Amino acid sequence: MKSAFKFPIRIYWEDTDAGGIVFYANYLKFFERARTEWLRSLGIEQQSLKAQSSGIFVVSETQIKYFLPARLDDLLEVTAQTTEKGRASLVLTQQAWLNAKGERNLLAEGTIRIGWVDSQTMKPGRIPAQILEVLQ
Amino acid sequence: MKSAFKFPIRIYWEDTDAGGIVFYANYLKFFERARTEWLRSLGIEQQSLKAQSSGIFVVSETQIKYFLPARLDDLLEVTAQTTEKGRASLVLTQQAWLNAKGERNLLAEGTIRIGWVDSQTMKPGRIPAQILEVLQ
Amino acid sequence: MKSAFKFPIRIYWEDTDAGGIVFYANYLKFFERARTEWLRSLGIEQQSLKAQSSGIFVVSETQIKYFLPARLDDLLEVTAQTTEKGRASLVLTQQAWLNAKGERNLLAEGTIRIGWVDSQTMKPGRIPAQILEVLQ
Amino acid sequence: MKSAFKFPIRIYWEDTDAGGIVFYANYLKFFERARTEWLRSLGIEQQSLKAQSSGIFVVSETQIKYFLPARLDDLLEVTAQTTEKGRASLVLTQQAWLNAKGERNLLAEGTIRIGWVDSQTMKPGRIPAQILEVLQ
């Protein structure tokens, strides 16, 4: 099994809430940044994909468990790894880790299903062959 | 079974993304607004709760399925209904509906687990009796 | 001089930051919600405008002064009032007020310039006559 | 005059809106990320500052002009430079640049005033000497 793709994400004021911790909805943003960089690392740029193929990936299902909070100035390590590959959708498992004070803690873990749709009609379709190939 | 609490949410530019639709992470915000208004309708204000009890609700698990997109200017109806009640946490089922052009469509559905924690230590604890009572 | 349009905005967790107050960037969102509702009150829906005219309003300049913080659960009153009307752009003055504990306080005040552009090319153009008329 | 601090910021789906471009309010976030990294480069971490001094910087005034839009996948260069230094507040000039296709374009420019306040009372105070020294 290939090791997961890793991407560093710094916590800023914009990410926190009045509980003094990172607002839970923002992990979906962090996971997406890591997915986008994982795709980019494979040579897939979503903006040019949209222009070329008139298709885009959209998120069709998300699931997240929150274990420990992150705080202002924390530097997270966010992972992305495909755990299911179909003709029309992919499932990724993603984690957010914090390395601090000699400890490594899992803050949150999620599974995200992304499906391929036509960018005009939003109707599902098959993931283009060129992309499926790269993902093998 | 009691009917679900309902709250109207309008879609603004801030909610949309370059796909021309509502950014999926924002449904977690919409669900939270509806939960907050549901709690308020039961006489529970989170800011004063925090001041009185030094505890707050935090989200420990989320799960969302996305069926159809919402767009700029759409007026959603977002529901909140408890489907599990424990001593330390609650599970709510929440839906986002769009009524337009004579149709009523389910856009997204999620389950959200919220747990009670001390607002300083973020350690889990029992939901205060006064709140559990109101939720019966 | 006509009185300003007023729109109520409730503060949720999503709006706050780890300082315990509303994150300052979010006032731009609050001002936009109020502008959108002001336009809607004049019969102007931006989504259908875009479809009909292929043009949209975009923000070209913003200026905000922050006087007092808002907090979780606060109910703000946000205003919108045109203070300059041109062929290609409008300037609005917008304020966020908090009425609480018998006091009425101005939290933030801004001026926002919005210009008309073609939604494809993003090039500036003249505001359609039908809209200018409504704004008189 | 010292040259400006520079920080790279990548545009993700979360940053865009249904106009197909970056939502204007997000430049306040980009400017803050760059300010935070500029402070960090000077050895100032806001989370530990808050713990040590019980004070924080808050934004008291913002002004932004928008010249050209950014899009999904763009890589911006965001600058931060102090243009006014007082005992209780600083003014920074900040710019967002896009280098693409052999061109270098200024997308947005702003001035941001940040003032020092007590993190409990939110009352203004003098910027601690240790910070003022570092900023010289």
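Labels A, B, C and D are assigned to the chains in the order they are written; within every chain, residues are numbered from 1.
One rule holds for everything that comes next: a residue touches a chain if its C-beta (ideal position, glycine included) is under 8 Å from a C-beta of that chain, and two chains touch if they have at least 3 such contacts.
Here the structure is a predicted model, which is why all the values come from computation and not from measurement.
Student: Given the two chain pairs B-C and A-C, which is bridged by the higher number of C-beta pairs in contact?
Tutor: Pair with more contacting C-beta pairs, B-C versus A-C: B-C.
Student: Could you tell me which chain lies farthest from subunit C when each chain's centre is the average position of its Cα atoms?
Tutor: A
Student: Could you give the separation in Å between the centres of subunit B and subunit C, each centre being the mean of its C-alpha atoms?
Tutor: 26
Student: Centroid from C-alpha atoms only, then distance subunit A to subunit C, rounded to Å. What do you get?
Tutor: Here the centre of subunit C sits 32 Å away from the centre of subunit A.
Student: Please output the residue numbers of subunit C that touch at least 2 other chains, ranges allowed.
Tutor: In subunit C, residues 13-14, 19, 21, 25, 29, 32, 71-72 touch at least two other chains, as defined above.
Student: Any idea which subunit A residues touch subunit D in the complex?
Tutor: Against subunit D, the touching part of subunit A is residues 10, 12-14, 29, 32-33, 36-37, 40, 45-48, 50, 71-73.
Student: Okay, in this complex, where on subunit C does subunit D touch?
Tutor: Touching subunit D: residues 19, 21, 24-26, 28-29, 32, 56, 58-66, 69, 119, 122 of subunit C.
Student: Looking at the complex, which residues from subunit B come into contact with subunit D?
Tutor: Its residues touching subunit D are 13-14, 16-21, 23, 25, 71-72.
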